[in-house]
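Heads up, the next two complexes both have subunit A, just with different partners, subunit B and then subunit C.
Moving on, here comes the complex of A and B:
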């Protein structure tokens, strides 16, 4: 993954550019010490002067009104907030007219930001105040008073707290209560820039000591960058949060979520005072001290975060399992947008193919025998057997942040909303989810017929949408929403990928890193705890095998539904110790019981964990009990027998269950089954068996 | 504003390569340590040899240092810094230092002049400069002279002013002025009228010229039209001419063909002649061979016919005459040959022999003309020939003369003709007759 940097030959500004903002995927606003507000169009390489302000107008920061998906008052949205060095902040509309100027601070007003919900704004100044203002510029409160200048301040993603710098400390102050102040010393030098990502609530800070550090909201350090020679003047998360950019003197660096550096560029730009990502996360603009505005595109995405957004499906032909997608994106600056984008190369099987698209490719996802490509305007669904005839549908807005794949449907997360399409390109559903831009990889999960999302406002609540599949005509009333409430904040969810709708299971990790499993469609959903201290979870895409990652081991729960009985659960759990996982490891995918883990240093690790159990699960899913028995007899493994016993018990295969229970020394269960088989004649229907079984177990 | 100044200052110093790091907080409180190093560093950038006096420890040292620094910046960079503010070592001092730093930064970023490469030393053309100096000197003297002149004039000004005011105050003679004006106006009117007339005349002549040109143009057009019509008309004799031309051409072609044919035939004829000449020579050679042969035979025959040998001298003269008598009518043609008598005798005898041999040849050859020619004398000649043969044996070398005689046959020898008539007529006749016969035979063969 690299940055392809381009600038205009001649600087359009005549003084230091201090702030830059993306308007949409094509337009960039920049403001500089020459009192000009410029608008750059990247499609036709134009630069237009929007406004020229007064002589004493020296901007320090700029922020565009957040584009929420809600249909609010339209004219309110097109406003820019600019703070200036004379202590004022200005609200400017897109035509360059100053709607309002408010004197906010003594000395310079160093930072200003709209709250993410658009209800207010905050300013931080050289006088040490951090103030919150209403949208119209009326002072609500002075949150902070200190004698140290506040160089940067940011809203929390839920607008309920603010993060500000105080010398070499970072402070999170919650707005609703006056007790919670979380303050920690973050750097050795002055902290100049901070960023807070809504998707995973991680904070990044850059200081004059040349370090960039990633923190969680409690002040625990997640990661630290290498030392840079010069102070870091800007840091920004990408919209999806899987990358961030550092700007320093003559330096721009792209890093991944864990702080691992993807690429480093040394353009001779002077200090980079501000960096802004486009909403699709493929382009960024930077304000440079040498009067330039620098544009960069992310090219050559291979692996890396793509594989985190990529679902690798088992059950497909071997040759595309070994694919490595090599993603080359052409720069938009140098080539008009009508040029095709060539991006796809398949390695590992001596087969290479190149697909051309009319626009920039923003997201790709591979899995379930399909390859889904999202460009700026359209979405292409390629079937792996026929590359050349993709199904195409138009996107609502050109800022797609995520594509999720399941067996029968695709979920596309855009800034305007979440939509679910079939593989034929038909819109199946568009569930109403507020603030889709805050949806991260962990907070949404797509099953073959369900979509689960952690509620944005109340993170204890999980909404599960039933998706109409097959030939049902979509309508808004069809979407039956199931709401599951957990006792704690949920941080990660995952839906099982197989089985019928009634047996859909949801695995969730709460804030304490406890793993719970719940069957969604039960009338009284009950959370069963599978284990503590789980870092990452994934369902196998072909079976109901759940794999979790702990700090020093990887665990596979072969029958998560056996959680009702703890002894069965321990019997059906396979665990393997691994060391050196590093910081923040994650499970990429599971293929035939082989788990692919991305370690903290970015390397991929493949562990053969549960190949036989997964084979067994496949047999049972296909209702091939004889084969399952044969497999267990051949392998002679107690875990495998336990799995067979539990599953046979659940599927009412009493003879099989009897044998299996006997082999795992569950003799009381054997007696019980024998009793059942004696008591109930064979000719009775299975429903009666089930009823009697439940009665007896009760 | 101090934030922005400090930010820009920090950026400039970073770009200039200042070794220390200037934090954005560094000058919030007076910071003499950093100010000292900044001042010294900036002064060293402007004047490499400068070492700032004073230091940062005591008030006097600081004052000395600030004063020295301000002086250096003023003298070297033409920058006026406020020493009082610099002394403060806070945000205001940063603003002062920013002037220096920005100057250095712009110098750093200014591209080097393109037109003058740096490594080429500057060349002053001193001689031209000397000329300039002279010019400047003369200009200076001029200026002083002009100034003196101006001064003189200004000195005269009060007097002039008096006279001027007097002149101005003098009342004007209105009638005289009016008359003068009237005169002037009338003169102007006259001039205007004259000019107008001239213009009218010019316009008249112009019209005439225009009409003339029109007429000429019309004539030209007419002439052109006529030319075109004349060109269009096809004369009556044209077809005749063309017919004749074609005929001439045909005739020419015919002529050429025929000429070529004739030439070709001539060429072939010449070829044939040469071929016949060659064959004649061959025949001659064979005849000579035969003569040799016969001579040898004669030698043998002499041994047998000794009586004939005795009378050979007389008979040599008489016998051929008798034999050649019937052919006297042909003598006319061969008269006038230059062959001398003696030789002619020899040659006549020889040629007779040759004729005889020809005759003998013609017996085998079906030569009609020969037999016709010599048919009358054939019997007697034959008998005589065979009898005379021994007489010719010594004349082998005289065959050349006979040949010569043949070659010289046509040579005119007018004056000698009469002398040789009586004596050599017969021999000549004899000489020429076979030649004629041969010619006729040749001509018969030829055609």
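Moving on, here comes the complex of A and C:
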């Protein structure tokens, strides 16, 4: 992953540029000490002066009104908030007319930001005050008074707290309770810039000591960047939060969540005062001290170890998973042409061809035999067998943040909302989910016929939407929504990828890192705990095999539904120790029993964990009990027999279950089965489920 | 006669022409005139010389100024080159760290894959033995 930097030849500003903001994916506003507000269009490389302000107008920060995507509230959305060095903040509309100027601080007003819900704004000044104002510019409260200047202040993503800098400390203050303050020393020098990402709720701070540090909301350090020679003047999260960019004197650096540097560039721009990401996360604009506004594209995003934009889930032929897609040019996906022969074999076509798209490509997802590519305006679905005839559909807005793939449908997360399409490009459903920009990888999960989302407001609540599948298309109103409530904040969810709708299982990780599993469609869904201290989970895309990652081991739960019986659960669980996982490891996928783990340093670790159990599960899913039995007899593995026993019991295959239980020494179960077969052989087919339930409850 | 004329400040010269000025004076006057002319030419020569010197000097000055500027420029360039080199070095260093980490990753991946291969071979062997 690299930054491709471009600037206009001549600077359009005549003084230091202090702030930039993206309007939409192609428009950028910039404001400079020459009192001008400029608007840049990146498609036709134009630059237009929107307004020239008064001679004493020296901007310090700028913030665009958040695009909430809710058209219900008809306020004027296109307003810009600019704070200036004379202690005022100004609300400016997109035509450059100042709608309101309010004196907010003594000395300079150093920072100003709209709240994410658009209800108010905060300002911080040299006088040490942090104030909150209504959206019309009326003072609501002075939240903070101190004797040191507040260089930067940010809203929390839920607008319920603010984060501000105080010397070398960071402080989080919750708005609804006066006492709750969380303050910690973050840097050795002054903290100049902070950013707070809505996706994973992590905070990043950059200081005069040359470090950028990532924190969670409790002030624990998550990671730290390398040391820079000059103070860091700007830091910004990418919208998805999987990387951030930091600016310093003559330096711009792109890093990932673990603080590892992807790319370093040293443009001779002077200090970079402000950096802003476009909402699709592929471009950024930076305000430079040498009067330039610098634009950068993220190129060469590979499907290798690092991206989260690519999903390698699911899958047919092993070969095309090695497919690396590079963003080489802006509107072009180019496959590496270094080895055309390989490409032929990979793709099963005669030549290595390259795909051209009319617009800039933003997101790519690969899996389930399809390649889905989202450009600014459209979405292209390529079937891997008929590569050159993609199905296309138009996107609502050009800021797509995520594509999820499942067996039968695609979920597209846009700023305007979440929509589910079939692979034929037909809109299946558009569930109403508030604030889709806060949805991250962990908070949404797509199954073949269900979509689960952690509720934005109440993170203990999970909403599961049934998606219309097959030929019947229901209107979006009668989508059935199941609401599951956990006793604790849920941090990560995953839906099982196979099986019929009424057996759909949801695995969830809560804030304590405990793993629970629940069958969604039960009348009284009950959470069964599978284990503690799980870092990351994923379902196999072909079977009901759940894999979890612990700090020092990887665990596969072959029959998560056996969680009702703890001893069965232990019998059907496979675990393997691994070391050197590094920081923040995660599970990428599991395929034929081979788990792919992404280590902290970005490398992929493939471990053979449960190849036989997965094979067994495949046989059972295909109702091939003889084959399953044969496999177990051949391999003679206790876990395998246990899996077979549990599953055969669940699927009413009593002879199979009997043999299997005998081999795992569960003799009471064997006797019970024998009793059932002798006593009521004729009723077995109907009463089995009932019986099994009574047994389970014992 | 001559004396009388002399009283009226009139003189004869050698060829008996009547004159208002005394012979000797006349001669001296003429000498003076010649000398003056000579002096004038000399002064003119001198001034020419001086202007030419001045021109040369100023030319020299300009040259010096130019050279001075060039030298300053060169010094600055040298300085900036050093800085550029430092930048370049930092950039390359970053590249090196990046590549090293990439290498480390690939190494790790290779090791993991080798282990995977070994386990898979083991499984294959185990299964073939069963037959």
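FYI, the second predicted complex is superposed on the first by the 644 of 698 C-alpha atoms of A that agree within 3 Å, B and C clash if a C-alpha of one lies under 4 Å from a C-alpha of the other, contacts with A are read in each partner's own complex, and residues count from 1 in each chain.
One rule holds in what follows: a contact is a pair of C-beta atoms (placed from the backbone, for glycine too) under 8 Å apart; a residue touches a chain by one contact, two chains touch by 3 or more.
Here the structure is a predicted model, which is why all the values come from computation and not from measurement.
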| Touching A:521 in the superposition: subunit B (first), subunit C (second), both, neither? | neither
| query | Touching A:607, do we find subunit B (first), subunit C (second), both, or neither? | reply | second
Check: Touching A:634, do we find subunit B (first), subunit C (second), both, or neither?
Finding: second
Determine, under the contact definition given at the top, whether A:266 touches first (subunit B), second (subunit C), both, or neither.
second
Counting only touches as set out at the top, which of subunit B and subunit C does A:107 meet: first, second, both, neither? first
Which partner chains sit in contact with A:39 here, subunit B, subunit C, both or neither? Use first/second/both/neither. neither
Looking at the overlay, what does A:594 touch: subunit B (first), subunit C (second), both, or neither? second
So, in the complex, the side of subunit C touching subunit A is made of residues 87, 90-91, 94, 97-98, 101, 104-106, 108-109, 112-113, 115-116, 119-120, 123, 127, 130
In the complex, subunit A touches subunit C at residues 250, 260-266, 305, 594, 599, 601-608, 611, 634
Subunit A contacts subunit B in the complex at 16, 33, 58, 60, 85-86, 107-108, 110, 126, 149, 151, 167, 189-190, 192, 208, 230-231, 249, 270-271, 289-290
Listed in rising order, the residues of subunit B that touch subunit A in the complex are 1-4, 8, 11, 14-15, 21, 23-25, 28, 109
